[in-house]
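Following this line, the structures themselves.
Below are two complexes that have chain A in common, paired first with chain B and then with chain C.
After this line comes the complex of A and B, so read on.
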């Protein structure tokens, strides 16, 4: 059994240098979007807890959410949630009901479809959020 | 054609305590195999270079290594398939002993854990043979092809992060007996694969299927084992 540090090093080396194809990239994006969503949830739980523990900070925190970097982050958050969900459904469906579809060609196509569906679902939301940011933070349109 | 070969080196006995790389420029034919290049270096440039090889024809599974960042058998990949600049490194997630040689014992220990042999103490009906239909034999045909090269296991992200995970190769070899109609111990193997370090650690990254030099549908075999675990059905 290797140490945690060695495992972490091997994992990072594999993630960053192993030249996998669609499946590997889909796995990395799944992990990245999962961690991103988890990070947001933690931040969200902390800021909501201010209502009880530090009410005077709550308004400031909400103000922070309206800042440009946070609003851009939220656009990517929506991408993360949609991709994580769509790709999760792809994996669950094939793994549970269609194991014979775990073939090189089928998975290449399924992965591409998962990304395409994610983008199609994400773009309208991204457009609305981006426009809202331009209106509220930069005075466009309005 | 001219090939730039970059080889991972690690040899504590000779004072090379830290991993490093040696570079060679070699003349090669496009149809030469990467194993041929390694043999060339070992024979004419540096006799201390160490790597495993045996049959050199993709059957024994000794020479799995990372070539340009991807797991292959060095004896099955041609220079024309990987280009002029070739980097050769040991497979990931195993303790490196020397150069390309890794400690395979944990891999084989995991393999042995699922009893990779036919379990059946009953006397056959005719006293001689345990007959199967073509369909019954076909059910596990794909997973009989495994040569235990570890290319799949060491390409698996779940194995990189947790070497207690039994790994794709072990699950493939369990599949070979779990779905064999003559075997009487599928539950024993399924119990092992239902543990925390078993089949559920698979994240379907699909590297295993792409790395397998025998083109076994590894991810499919793992999914079938998962289905057997959830439904209890072995058909």
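After this line comes the complex of A and C, so read on.
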């Protein structure tokens, strides 16, 4: 049991104190957004299966998703799916088709591009979802 | 051994981890159209306030959307659970413990995937039978 705690500590310390700048941050954000999306996906598969297994409960779960905290969470979920996807394509393309193009400086630039593309795609989506929240949850005129 | 600035290719018999590594990359690319289309339609265009039981049933009475949702379920959840397995190996080093965690995640994946797939297929069938 102690060895499990030790290895947890060692790995977490590595995650937090490695100083790889762009590469380090891209790795942490990729991992965080991947795990965050997975956590939601697990809940979401189960709640959607209620349509068949417990139709009378489906309305209640949807009601939860319509609440303000969940609608704010939804905006971050969409950020996660966009960033993880853009950065994931970067990883896949370099690993499988352009390994000879890998240099540290090139990857630093690609990583910055991934963040920029993410923000450009996310802002309009975030705006639409935020507006929908104001209209439905706070009575702003549609 | 030769030294060269070229990338050297070495043929290695693919093992399980090799296949899993490739799977993460190919399924990830498949998830760009699958997951992004899903999010664009449900979260941004339609929105959670317009989604209810009837909306889902109508969606699943279309064979096209049933196939789309099955593909999304298969790719996204297998990608995510294998990703979680890989992350867990950063923390769990013993061969026996890794095996146990892998099996646990596999069973969880199988059960939840089955729940999702049954709902997609059966909800529409059920509905059609009542028409």
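Here is the rule we use: the second predicted complex is superposed on the first by the 135 of 142 C-alpha atoms of A that agree within 3 Å, B and C clash if a C-alpha of one lies under 4 Å from a C-alpha of the other, contacts with A are read in each partner's own complex, and residues count from 1 in each chain.
Following the convention adopted for this analysis, a residue touches a chain if its C-beta (ideal position, glycine included) is under 8 Å from a C-beta of that chain, and two chains touch if they have at least 3 such contacts.
All figures in this text were calculated on a predicted structure; none of them were measured in a lab.
Of the two partner chains placed around the shared chain by superposition, chain B is the only one that A:104 touches, whereas chain C remains out of contact. In the overlay built on the shared chain, the residue A:91 is in contact with chain B and with chain C. More chain A residues lie in contact with C than with the other chain of the pair chain B and chain C. Applying the stated contact rule after C-alpha superposition, one finds that A:11 touches each of chain B and chain C. In the overlay built on the shared chain, the residue A:37 is in contact with chain C alone; chain B does not reach it. By the document's definition of touching, of the two partners only chain B reaches A:24; chain C does not. Of the two partner chains placed by the overlay, only chain C lies in contact with A:52; chain B stays clear of it. When the two complexes are laid over each other on chain A, chain A has residues 7-8, 11, 91, 95-96, 99-100 in contact with both chain B and chain C. Chain contact summary for the complex, chain B toward chain A: residues 66, 68-70, 92-93, 95, 155, 157, 160-164, 203-207, 209-210, 217, 219-220, 223-224, 226-227, 230.
In the complex of the two chains, the chain C residues touching chain A come out as 6-7, 22, 25-26, 28-29, 31-32, 35-36, 39-40, 43-44, 47-49, 51-53, 56-57, 60, 73, 76-77, 80-81, 83-84, 87, 90-93, 112-113, 115-116, 118-119, 122-123, 126. Against chain B, the residues of chain A that register as touching in their complex are 1-2, 7-8, 10-11, 13-15, 17-24, 26-27, 91, 94-96, 99-100, 102-104, 107.
Interface residues of chain A facing chain C in the complex, by the touch rule stated above, are 4, 7-8, 11, 31, 34-35, 37-38, 41-42, 45-46, 48-53, 55, 58-59, 62, 65-66, 70-71, 74, 77-78, 81-82, 85, 88-89, 91-92, 95-96, 99-100, 125, 128-129, 132, 136.
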